[in-house]
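Data block below; observations after.
Letters A, B, C and D name the chains as they come in the text, with residue numbers starting at 1 for each one.
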Amino acid sequence: MKAQEKTDQVTPEVRERVQSSFDRQGLMTHLGARLTRIEPGRVHITLPSRPEVTQQNGYVHAGATSAIADSAGGYAAFTLFPDDTSVLTVEYKINLLAPAEGDHVEAVGTVLKPGRTLTVCNLEVFAVRDGERKLVATGQQTLICVPKRPDQ
Amino acid sequence: MKAQEKTDQVTPEVRERVQSSFDRQGLMTHLGARLTRIEPGRVHITLPSRPEVTQQNGYVHAGATSAIADSAGGYAAFTLFPDDTSVLTVEYKINLLAPAEGDHVEAVGTVLKPGRTLTVCNLEVFAVRDGERKLVATGQQTLICVPKRPDQ
Amino acid sequence: MKAQEKTDQVTPEVRERVQSSFDRQGLMTHLGARLTRIEPGRVHITLPSRPEVTQQNGYVHAGATSAIADSAGGYAAFTLFPDDTSVLTVEYKINLLAPAEGDHVEAVGTVLKPGRTLTVCNLEVFAVRDGERKLVATGQQTLICVPKRPDQ
Amino acid sequence: MKAQEKTDQVTPEVRERVQSSFDRQGLMTHLGARLTRIEPGRVHITLPSRPEVTQQNGYVHAGATSAIADSAGGYAAFTLFPDDTSVLTVEYKINLLAPAEGDHVEAVGTVLKPGRTLTVCNLEVFAVRDGERKLVATGQQTLICVPKRPDQ
């Protein structure tokens, strides 16, 4: 394995921490979203298009698009956080650029600026049809690192 | 009926237009959200807390909170749009102020500045427990009025 | 003096702390902006219209509008911070609703949600002509309370 | 000249249109900002650090940073607009990532998604000291293309 590849991978502990947190998000399961990539400072979440996630015209609802974008950014930050911490979204802003139509949508959260307290992420959502990706939403998000509560 | 009350009510046509658009949003049904108030320039959407809409700590997921906030603002704008038009979210920004815990959450979308092309809304989300309301999210949203497509 | 009025006033120490920080902002002086009201959790800043603050059509530049909005929100938060702290803007979002034309513009920053670490403010900017106020911009801002550095 | 280079250049008409609009922005002159690069869909604006643009700690004020970021994004969009149109900022959101200290700050506005009515830009601001660039702010902006008014 090359050094470069190594640095692009999270440790098994981080992967497990992210996946188990994701699995506790009832909303992600209910929407049908899946974690499809976990790298240091970058996470992908995929959501298949289906009637349960549409808006009034049959496209994927901005709310579903935003939900996976928010989670992708949150977990991207979380990959860089120390043990015994938790991540909370402070705020985000998202522009809906085009109707989200396709076989599925994919959200990519990427850390722009890591920090001890606050982390800023870039959010992108692509609609994918027959392997072609089209950018349908772009956003910017602020997250905070907080101590993990005893009950978590 | 007093004049003031009259002006605070939408026409039956507008109410029907908003409700039928909402009913076509697969996501809102799937989440369990309901339109609970439709006034000129102001719409409320309520979402009961249940495991299907949670994040990893059991609170209502920011994605669900945002989804109903986005829809509430969109329909608030839509109440003021002419016939044969449709509403699209251009962008929104939301601050998550506190964990969304309670019996249900309620999103209130309010038109701040109506316009022929663009409308700006204020978004608020409250968590409600035993009748007590607590502000858990606040946002700002830009919407665009577009001609209705023939197939809608 | 009534109790209510008392609680609407900042202490002389807070007023002095806000004013002296404002006076050190070279940009505010250079633009011609003035602090016109300091209340607990609310600050007003006024900027006279003059050629030095315009955009290409002669209105007040969105950058000038935003600059005073950002400072108004920052100082609104600062009125609620403990001694020996400083305020930094984490981020803000602003919608420009109408051309900023008039005798002067007035920014009002209001704390929506105070916090030990993060504070969220509402931002409003009004254009004023012959005493008539028109809302020309509205925004939302996140601020962080940090320890004051020894050299400040 | 290679084909690639040609496509990276704006026409003399566009360059003149952007520069003359910039020159009419009293605020940019007053701050000391200069247009330093005009490409199709991308514009740079540079602002030397000097006491007139500082906040209370001697860094470049977020308001000045935002002002040049807003103008850079606006003119980036404007390079792609047809003749006889004008550009207005609908809204923007900016995260201040680090203190803006250095010899000068440079804002880069880049079109992410052009459109007939609305255009979305990415905004970046770098602080530059001795040739080293550090990202100090990042933002996202929505602009609208409007018909040019007869008096412009």
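Details
Here is the rule we use: a contact is a pair of C-beta atoms (placed from the backbone, for glycine too) under 8 Å apart; a residue touches a chain by one contact, two chains touch by 3 or more.
Nothing here was measured: the structure is a model prediction, and the numbers come from that model.
Look at the CA centroids: the one farthest from the centroid of chain D belongs to B.
Distance between chain centres (mean CA atoms), chain C to chain D: 24 Å.
Computed from the mean C-alpha positions, the centre of chain B lies at a distance of 30 Å from the centre of chain C. Chain centres here are Cα means. That of chain B falls 34 Å from that of chain D. Listed for chain A are residues 90-91, 93, 95, 120, 140, 142, each touching two or more other chains. Chain-to-chain contact here is organised exhaustively, every possible pair of chains being in touch. Contacts from chain A toward chain C in the complex involve residues 90-91, 93, 117-118, 120, 140, 142, 144.
Residue ranges of chain D in contact with chain A, taken from their complex: 93, 95, 97-98, 112-113, 120, 122, 135, 138-140, 142.
Chain B contributes residues 21-22, 24-31, 50-57, 61-64, 66-68, 70-71, 86, 88-96, 149, 152 to its touches with chain A in the complex.
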